[in-house]
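One chain, chain A, appears in both complexes that follow, with chain B as partner in the first and chain C in the second.
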Partner chain A sequence: MEKRGLFLLAALPILAFTLAAHLFYGFRPAEIPGLIAAFLHFEAQSYEEAVLLFQRVPRSLTAIYVGSISATSGVVLQSLVRNPLASPATMGVNAGAAMFLVAGALLFNIGTGLQGAAALAGALAGFLSCVAVARFAGRQNDPRGLSLILSGALVSMLFTGITNALLLSDPARRSDFLSWVIGNINHAYIDRLAMFWWIGAASIAAFIVLARPLTLILFGAEKAASAGVNVPLVSRAAILAAVLGSGSAVAVCGPIGFVGLVVPHIVRPFVGNNLVFALPAAFATGAVICLLADLVARQALHPYVLSTGLVTDLLGGIVFVVIVKRFYLSPSNRETA
Partner chain B sequence: MIRRGTAMDGKRVLRLSNGLQMRIGNLRAGAGFAVAAVLLAAISTGLGLTNTGFFDLLSALSGDPLSGAEGYALWTVRLPRILLGFMVGWAVALSGALLQSIARNPLADPGLFGFSQGSMTMIMLLLIVAPAAPKSLVVLAAVAGGLCVAGLLLWLVGGERSSGLSIVLMGIAIETVLSSFGSLLILYLPTETSIALSEWLAGSLFQANWTMITAFIPLFVLSLAGILLVGPAMATFDLGTEMAMALGEPVARSRPVILVFAVVLSAAAVTAVGPLVFLGVLAPHIAGFISPAIARARLFLSGLVGGILVVAADAVTRSLAGGLPLPLGLSLTMIGVPLFIIALRLQALRKQQSR
Partner chain C sequence: MLETRHVSAAYGKLDVLSDVSVRFQKGRLTAVVGPNGCGKSSLLKAIMGFLPVRSGDIFLEGEPVPRIGRKKLARRIAYLPQDCFCPDYMTLGELIELAGYARYSLVGGPSERDRALYRQVLETVGLSDRADFPVNKLSGGQRQRAWIAMVLAQDTDVILMDEPVNHLDMKYQFAVLELVRDLTETHGKTVIAVLHDLNLTTAFADDVILMRSGKCLTAGPVAETVTTQNIEQVFDLRTQIFRRDGRLVCFPERAGHATVS
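Right after this comes the complex of A and B.
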């Protein structure tokens, strides 16, 4: 259990360090003390201070929000669905939220607040259609949940296709959403964050409350029930919180994929399956990864600024390949086709 | 001499004097598909903003010159799209049918397995290194990219045991990585190339023209010859590797050759119109549903259905979407996903019954 303690102890300093790197990378070292002072009066007196306060800080906050929500939702989904590939991005949640939001904005001209509601509804719709397709098309003997992930991929493809078609149908407003739809952390989306942050906070609060019963469910539904856990209620509440939280993250800055898939796999070897410890660890790790991805997106191809979603897709896709290889294709636990 | 007869399984066949026999059902289906393709093409020439159609085309062929706008709509826009669409659909469907036999996986598809994406990535790399590369080099790059992904997939999945859903999942994963890598590469391209590319990335027939068609015709003819050559081997591959070997099929030699053939077909389609996902898995399934066939007949029918699907998708987008420039790849995805899910369902049911 030493590993767990070390990981949790190290998580906060690492998060602080990454945050500092994200905020101050690119400034000259001599300027930094003066810039820190800018936080105190919170008023930009120079170009550098304006960049820090009105670009870097909003980006950092958005990255932390998206990263932590996706990562904790990923942990919860992977535990409940019992599938190492489950995550908001792989189960159609992100694509559904994006489609509903774009459809609402382009077809019904709804404002930002209602767009958030549309994203939440879309997240639920995406998740439900993923499960429905898996039920409809799945094999009887599918102990590893392969068809669930496959139907998630199919549902995502369909929803992303519809989103793109909708965007093409309205060339004038297409450019508003073009970078959003790939998943882009941008200082311009801080208004959306200010409007939707409470949804994510509520779902994380729900995770904290449910952490212990969820861990009991991990031992088996019967055992949890005998320990006094209302298994169906707890599972449904947790999944609902995970789906809605990720929906709100999509509403803020578009579908940032794969953080929710990758982080649980980083956290688990250190912290174990107990959600009481895994959730805080995932919170910090997700935030760190999103900050790093955003830093890479911003600086790697200077002067171009990439979409953060691209960076996470690239890294996450590789991890996805590795997980499929290890989990479904290693000789010991090969799928019984 | 052609004689009518009955095959071992009780199906009606035609026997040619050299011993070749063809099922009458398959012949009828093939003729039906061909008629359907021609009819569809005739209807499709009449769809669009300019009011002209098949009869104008006929009168033009018999010597009546067309007016400027009508001639432009027919000769420069609609006919190239229909012809190129048919040939591309044929190539992708054929590639899918070949892959399904050698991988023994009914869900094999050059798009889903990431071959098309691999071809595209390689083409983009080539265009970055040498923006003025000749067309032949582009095609070579496309083939090389497809082969690289095929090799990667085989290495990751482990050669022989490539059946089941996990290879599809792996293919989708590779496709995701490559497509985000491709979006990175676009940044490095010169501006005018990158704008043309982003249309092509979505898979579209907008740029179809007669030069493209003349470049594609040799491959189309070659694919016909290829069907005649590899068709009989396909029937043995469907029975499994061991059975194919027992029947005298040189598997170790012929499997790589067929894989390369499939990759070349898909790469050519990618070079012409960009990636088309799901077509390679849909067309053979639909063909098999209408008229079950094996060997050469299966390949022919799959190719025909693939061509029909693309021409139909193009016609539908042109008539329904009005002025909306919906790329072909997108409409195929939107039709393809539901049908693919149904195919999965049918496969699951069949598995249940056989148990």
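Right after this comes the complex of A and C.
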């Protein structure tokens, strides 16, 4: 288990390094000392310093927020559903949040604050419809939670379809949401982050409190209950925290997929299934991946800026294939699993 | 003292316990014995509250068990399920640390006293050098001792074990039960264990509860309860029971074969 110690020890320095790269990459080396001073005093005197403080800092904060919330929610959902494909993106949560937010904005003209509330309601509605469809399909006979993943895909398609229909029906305003709806980290969304960050903070706090009982639930409901865990309460609280936290991330910068699905798989071989260690590791890894994705989105085709959601989907897809091959299909792992 | 009074319970429409009244004596090892599907496991589950009790009461030191909260109950009764499952990448040390959950504060972990207890528990089960070892890579006998360590780390007076020596070979059956026996003798624990093997029961248990079809047929000290007559009633099997080196041995007769004694 030295792997775990190394991973957790390395996580913070890597996060700090990625953050520094995200903030300072692309500036001329000579400008860096002045930029650091501007960063420390939070005062911009030149164009570059303004870019740093009012574009890059907001982008990195948003990336850290979205990455850490999606990744920790993914870890919790995969543990509770007992399926490696569970995540906010695959269980209807992100699609529900996006649909409610777009519907609220386009049909009822609600402001940013209410859009956040709509996203939370949508996240819950998405998750509950996923559970309802799974129940309808006979979830009781399915210990591996596969029906939840399938109905999650179904519900996501449905909600995404409605979102697209709404956007198409309003040519005048759809451009406001076009980049948001595919998931985009943008400095313009810092107002939303300032408004909703506490929801994610509350989710993380809940995860910290629930890490141990959630790990006990991995041993089976009866073993967990005999060790003193209120299984229904802990499960519901954890799911609620994951769903609302993910909903708030969608409210900030749209549905950024794949992070919640992939990060738990990156983390698990190193730190294991104990959520006391897996959650902090996922927090840091999710933040690092979103920062890197945003850095790529910003710099890859400079001066054009890609949508971060596109990059996470691409990166996530590739990483996911590697993970599946490396950890699930390799013969040596099949024996020990 | 743990006691059930006229407990009946059912899984849906299937009655699994009917009118079971038993007392488990403090500081003793009680074996629950009976044929497959007689309600042995159900009795433990009913005590733990995992099986809805239709009628009757369960008391721990005179207090109704269903009224004791989950966390408080976890500090008084520990439970070892029949089939334990450990997630991958989990070490024995983590397993044991998780067991103390009911004693920890909301965000706090184990205290110094807890850590001392965990070291002692590992020593008791003879796995001191395995704390950092993944549970799923332990051998069968070691793994069973790991589960017993988890139960011990819960630090309760009462321990319920559902077939603790299942899937073990004879050597480990004896090693594990020797350990369980020691828990009652030197640590003063009250242990209730579901066992299949009558000879293991007579070798290790103080008391025995004989069950059949969801009912408790008879209960009492091993020497008085394990009799040819009782065993025939419970298992539909004729046995010879004799004493050897101070303990009872059950010797089942084969149908149609005369037994030479």
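We adopt the following convention: the second predicted complex is superposed on the first by the 310 of 337 C-alpha atoms of A that agree within 3 Å, B and C clash if a C-alpha of one lies under 4 Å from a C-alpha of the other, contacts with A are read in each partner's own complex, and residues count from 1 in each chain.
Throughout what follows, a contact is a pair of C-beta atoms (placed from the backbone, for glycine too) under 8 Å apart; a residue touches a chain by one contact, two chains touch by 3 or more.
Fair warning: this is a prediction, and the values are worked out from it, not measured in the lab.
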Original post:
Is A:30 in contact with chain B, with chain C, with both, or with neither (first, second, both, neither)?
Top reply: neither
Original post:
In the superposed arrangement, which partner chain does A:230 touch: chain B (first), chain C (second), both, or neither?
Top reply: second
Original post:
Of the partners chain B and chain C, which touch A:164 in the superposed model: first, second, both, neither?
Top reply: first
**OP:** Answer with first, second, both or neither: which of chain B and chain C does A:213 touch in the superposed model?
**Re:** second
**OP:** Based on the superposed arrangement, let me know which partner A:136 touches: chain B (first), chain C (second), both, or neither?
**Re:** first
**OP:** Would you sort A:313 into first (chain B), second (chain C), both or neither based on which partner it touches?
**Re:** first
Original post:
Can A:172 be said to touch chain B (first), chain C (second), both, or neither?
Top reply: neither
Subject >> Touch count on chain A, higher of chain B and chain C >> reply: B
**OP:** List the residues of chain A that touch chain B in one complex and chain C in the other.
**Re:** 337
**OP:** Flag every residue of chain B that touches chain A in the complex, lowest number first.
**Re:** 156-158, 161, 163-166, 168-170, 172-174, 176-177, 180-181, 183-184, 187, 202, 277, 321, 324-327, 330-331, 333-334, 337-338, 340-342, 344-345, 348, 351-352
Original post:
Hey, which residues of chain A end up touching chain B in the complex?
Top reply: 85, 133, 136-140, 146-147, 149-151, 153-155, 157-158, 161-162, 164-165, 168-169, 182, 301, 304, 306-307, 310, 313-314, 316-318, 320-321, 324-325, 328-329, 334-335, 337
Original post:
Tell me, which parts of chain A touch chain C in their complex?
Top reply: 1, 208-209, 212-213, 215-216, 218-220, 222-223, 225-230, 268-269, 271-274, 336-337
**OP:** Provide the residue numbers of chain C that touch chain A in the complex, in ascending order.
**Re:** 45, 48-50, 70-75, 77-79, 81, 84-91, 94, 98-99, 101-102, 104, 106-107, 132, 134, 136-137, 154
